[in-house]
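You will see two complexes here that share chain A, one where it goes with chain B and one where it goes with chain C.
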Partner chain A sequence: MDLKEKLLSSFLVFENQLEDDAYMNDVRNDAITAFEEKGFPTKKEEAWKYTSLNSVLKEDYSIFPKQENAIEFNDIKKYFIHDIDSYKIVFIDGKYSSHLSQTTHDGMDICLMSAAMSKPKYRLHIENYFNKVATKDSLPSLNTAFSSEGAYIHIPKNKMVAKPIQILHFSTGNESAIMLQPRNLIVIDENSHVQIIERHQSLSNNAVLTNSVTEIFANKRAIVDYYKIQNDNLNASLIDNTFINQKRESVASVHTFAFGGKLVRNNLNFYQNGERIDSTLKGITIIGDKQHVDHNTLVHHIEPNCESHQDYKGIFGENSTGVFNGKIIVNKEAQKTNAFQANNNILVSDKATINTKPQLEIFADDVKCSHGCTIGQLDETAMFYMRTRGIPEKEAKALLMYAFSNNVLSSVKIPEIKQRITKIIANKLGVNMGFDL
Partner chain B sequence: MLKIKNLHASIDDNGVLKSILKGINLEIKAGEVHAIMGPNGSGKSTLASVVAGKEEFEVTKGTVLFNDEDIEDLAAEERAHKGIFLSFQYPVEIPGVSVTNFMKTAINETRKAKGLEEMPAKEMLKLIREKSELLEIDRKFLSRSLNEGFSGGEKKRNEIFQMAMLEPKLAILDETDSGLDIDALRIVANGVNKLKSKDNAVLVITHYQRLLEYIVPDFVHVLLDGRIVKSGGKELAHELEEKGYDWIKEEVNA
Partner chain C sequence: MSKYTEDDLREELKTKEYEYGFYTDIESDTFPIGLNEDIVKAISLKKGEPQWMTDWRLEAFKAWKEMIEPEWANVSYVKPDFQGISYYSAPNSKPKYDSLDEVDPELLATFAKLGISLDEQKKLSGVAMDVVVDSVSVATTFKKTLGEKGIIFCSISEAIKEYPELVKKYIGSVVPQRDNFYAALNSAVFSDGSFCYIPKGVRCPMELSTYFRINQAGTGQFERTLVIADEGSYVSYLEGCTAPSRDENQLHAAVVELIALDNAEIKYSTVQNWYPGNAEGKGGVYNFVTKRGICEKNAKISWTQVETGSAITWKYPSCILKGDNSVGEFYSIAVTNNFQQADTGTKMIHLGKNTKSTIISKGISAGKSQNSYRGLVKISPNADNARNFSQCDSLLMGNDCGAHTFPYIEAKNKTAKIEHEATTSKIGEDQIFYCNQRGISTEKAIALIVNGFSKDVLNKLPMEFAVEAKKLLEISLEGSVG
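Here is the complex of A and B:
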């Protein structure tokens, strides 16, 4: 039985276990129908031209993990940004772990999707926001159909959330292969500010496929800073679908630090529904081996006087492949849009590949849009220069690569994240350096 | 300190080995200042690069000894660790790496190679302050990205600042005077002179004699078509300035 069939039959089982909730059941039924019609995306689709899911879909994934697995904080501490005080929402094999988490209902809700879905007091919110910005494409639909757990965050207006929120998904390897479909809903009301860190981590070498959906609503003048840390092992694959709906004067940024897994696809979509909105999409990709990372971004400028800034840096070694597909749509009404996009890549090996494709659809006539992509090698003259100063080849290379990606790190607002990423980069590049530039 | 014997070097020019250095003999002792002069394309910069360890050049014959050790198989960084410094004619821009951090990395990697601990931060700062004052470098300048957007003069001053920080045994200054106005030239020369001692040596590579007014050489060599064809004292530099290179070419051909 292939994975699609397995999912379709599993849905019948899943549906039977659900509580009687006509609203949600309708949403789920529509979603599974959409998935059934479309199936998993293939390379024949333009948006998936350079990323094949075949190698990932052939595993026999368990859809509903059976066993609960107790994990102690010390075993997984290193995957947290543990040197900061933070709220934590932790999932083990898709199940919420209360003893590893730190949630709150004190003036705001930083808690669980399952709770928000089942309790009447959240009902209106769910009906207003759930699945309202996610697209009806096949993978988000698949997630919607099975959605039952994830993070639910609602920050009411005029609130500065003092501590960052860490959302962590662990898989234990209890099953030989597991498919996870976390679903996060994040609503930030007027004039509030939140910082969120998200990470998916496999704790074994068993196969994991995560098809995650995160919907973020940044309402009027809200500020959202979102950091995705992707540094999983070579049997873990991630399809991250993130949708951000911004209202007027809101500021949202997503930094994606992609150090891989087996296959990672980041579908990152921003919709600017209001004036004077600012959106930032930045990423650093450093991969090797046979890793594959695909950034597929969309910024949809719908109204006038908005800005978007995209800056993605990629360093590709060994047999790795990278994809950057950056789409910017500027509606006819969206005059005075400023949209910038840069994608710079270094190929460190002859066998590494990068496919980069800017896609601009501009219907307004008074806009500033710029895009640029580069693919290059490390500058040999710069290498020689550094070596004549006593910096060995490996360290010189690492320093150049770090400097190359530093533009992206410089806009990270939480110093501890910057330090952590710096450490991961040094590790990835095989050097023991601090790079305190 | 440096002994170059019958050095031949070539570069791969689209699959064809092109010979550039055709039998260089040169000996530099501690405490000496040597100048190499010569027209464009005579091989001056190649000589500097070969001694510093640039891998694009292939040494086809001859030896380079540094403190009696054959350095042919040493990588550029290993030569740097032994005390060879090359000031670049065109210093490379390295965006994202500040001057300070670049120097920290260079010094600590050199110390690591010698089995020493990293230099304590306080000591490093003191050293940076001291050496930047010597080269009259503004402190703000040190936090800028290395050579990025620097003027020609700033780049050269920065090269000598790095030299001052690394305290090499042999400093090779490749066309350090090009692009310098008279004030910057004076500052650079002053820096080099202050660093000079009986234990180190300087090799100045230049087109013109004007830098040699400030960094006075003990020996002047004329490089023509990959060979040193004439050597003399500092007066040779004046003669070249006045008469150009043609008379030497004629002398060589005769």
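Here is the complex of A and C:
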């Protein structure tokens, strides 16, 4: 039985266990029908031209983990940004772990999707926001059909969330292969500000496939900073679908740090529904082995006077494959749009591959849109300069690569994340340096 | 007359009025509409082709039957009915008009702006002329000069009969029969086209364009062009014409194959100005072309195109850089106005070591048109030190048009250096103001700015065409400024 059939039959069981009302029931049924029609995306689809899911889908994933697992905080402490105070929402094998988490209902809701879905007081919110910005493509639909757990964050008007929120998903490897489908809903009301860190981590070498959907609504003048740290082990795959709906004068940024995983696909979609919006999409990818990282971004400029900035850096070693597919659409009404996109790549191995496809679709005339894309090597003269000054080759290379990706790090607003990423980069490049020069 | 150069021609044109001879093939009835194996066989028979060619066509037809029409291009149109077309008709030798007075005045005005001589105007618009067969016509002189150098330049049907070994060896070697839907269709039913062979070490003494202008065989619906530059040779070839051509054939599916052997260089320029349809978007030519060249060691292929016509353009002149140190270039200007749609670009496939490619694409959209650049740069694992530079700039005029870029970049070699940049902008108000201030009208100012914008590409055209192409740009964009 292939995965699609398995999912379809599991849905029937899953649906019976739920105590959904008619509304949710319809949403789920529409979603599973959409998935049934479309199936898993194949390379024949333009958006998946360079990424094949075949190697990931052949595992026999268990869809509903049976037993709950407790893990000690000390074992997983290193996966947190632990030197800062933060709200934490922790999931183990898809189940909420209350003793590791720190949530709140004090003036705002930083809690669970399952709670929001079942309690009547959240009903209106769910009906207004849930599945409203996510596309009806097959993978988001699959997630919608099965969505039961994840983070639910609602920050009301004029609120500055004092601490960052960390969302962590652990898989323990109790099952030989597990498929997780977390679903996050984040609504930031007028003038509020929030910082969120998301991480998926597998604690064993068993196969994990995560098909995650995050919907973010940034209302008027809201500020959202979102950091995705992807440094999972080589048997874990992640399909991340993030949809951000921005209203007037809001500012949203998503930083994606992709260092690990077997196959990582980031579908990052920004919709600018209002004037004077600012969107930032940045990413660093440093991979090796047989890893595959695919960044698929969309910025849809719908109204005038908005800006978007994209900057993705990639360093690809060994047999790895990097894909960047960045799409900017500027509607006819979206005059005075400034949209920038840069994608710079370095291939450090003969067997590594880069496929990049920056795409502009512009229907308005008074706009400034540009994209630049390069594939190149480390500057030999710079290498020579450092070598003549006694810096060993490996360190010199690492320094250059760090400098190459520094542009992305410079806009990270939480210093602890910056330090953590710097450490991961040093680790990835096999050097023991602080880079704090 | 040992060497007949372009300068000689220019002199001759000044001093002597010459007439053209109509070149008529075989008088024949038009074939019944529709396409099946018998039609393919009949076309082949009509052209007196050898058995291998007939088989080759049938093979292509078989492949075509199994293929489906591509839909990935960023254009929308009513699909042509492939069973509603007649696949062979004799060249139209009957004049359409008796005198210039009957010709559409709009067309004549355009001719005047382009500076086309009265006689040429007559020929282009299909006006009857007294045909005087000159004892030494210019065309024949040219043919003689080319013949002395050993250059073969004739129609492809002639080549199939006269030089079967060359045609057999190279036809379909760059664009195989089953390459794509339209290429397969063309392979099955191509009516005519050009064949050109430059022998080893020969530098073609004239732009084949010049010849073409005089002895233009009329654009066929399914043209097939094959240009072979043997080792160390050079040729510059221009197809098309700046003059607007009102062709009745709605669908054009041409195939062009270029073969540049070791150290050879081919420069292929296209100026396309087919009927784009009227201001409401009715009518117009569908231009679905497959153009590809292959470069052996140290060879160079350079594509230059100025696309201003056709309702739908779907064209990707490509280079396969197979040999080490080979060079591919692509320079393009695509202008779309009213309801025109263009999806054009190039593919640079780097296979050899130290291969280089340059892509400069300028898109200008006005009116309600859509203009897309679609390109692929592919560096294979063995293509060490490959280098690519791409630049696609789009200029938008007015608020109802669109500009799109779809560049694909695939690198599998760590020594590759690839740069790609794209920009989209409109003509700056300050630029226009600056011109206005100095007494240049807005329309002229825009022409000036557009010419500056496309200068990089215009400079690559053969000289005399560059001048005409400039004017053509102005005309194409006339009235697009509100």
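Going forward, the second predicted complex is superposed on the first by the 435 of 437 C-alpha atoms of A that agree within 3 Å, B and C clash if a C-alpha of one lies under 4 Å from a C-alpha of the other, contacts with A are read in each partner's own complex, and residues count from 1 in each chain.
Criterion: a contact is a pair of C-beta atoms (placed from the backbone, for glycine too) under 8 Å apart; a residue touches a chain by one contact, two chains touch by 3 or more.
All of these numbers come straight from a predicted model, not from anything done at the bench.
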**OP:** Label the relationship between chain B and chain C on chain A in the superposed model as either fit or clash.
**Re:** fit
**OP:** Please work out whether A:H99 is in contact with chain B alone, chain C alone, both, or neither, and reply first, second, both or neither.
**Re:** neither
Original post:
If you stack the two complexes on chain A, which partner ends up touching A:M386: first (chain B), second (chain C), both, or neither?
Top reply: first
Original post:
Is A:Y402 in contact with chain B, with chain C, with both, or with neither (first, second, both, neither)?
Top reply: first
Original post:
For the overlay on chain A, what angle lies at chain A between chain B and chain C, C-alpha centres, nearest 10°?
Top reply: 70
Original post:
Counting residues of chain A in contact, which comes out ahead: chain B or chain C?
Top reply: C
**OP:** Give one of first, second, both or neither to describe whether A:S349 is in contact with chain B, with chain C, with both, or with none.
**Re:** second
**OP:** Pick one for A:C373: touches chain B only (first), chain C only (second), both, or neither.
**Re:** second
Original post:
When the two complexes are placed on top of each other via chain A, what is the minimal CA separation of chain B and chain C in Å?
Top reply: 10
Subject >> Complex contact set, residues of chain C against chain A >> reply: 72, 379, 381, 394, 396-426
Subject >> Touch list for chain B against partner chain A, complex >> reply: 52-55, 75-77, 79-81, 84-86, 88, 91-98, 101-102, 105-107, 109-110, 113, 145, 162, 166
Original post:
Can you list the chain A residues touching chain C in their complex?
Top reply: 46, 50, 332, 335, 345, 347-377
Original post:
Within the complex, which stretch of chain A touches chain B?
Top reply: 379, 381-382, 384-393, 395-396, 399-400, 402-404, 406-407, 433, 435-437
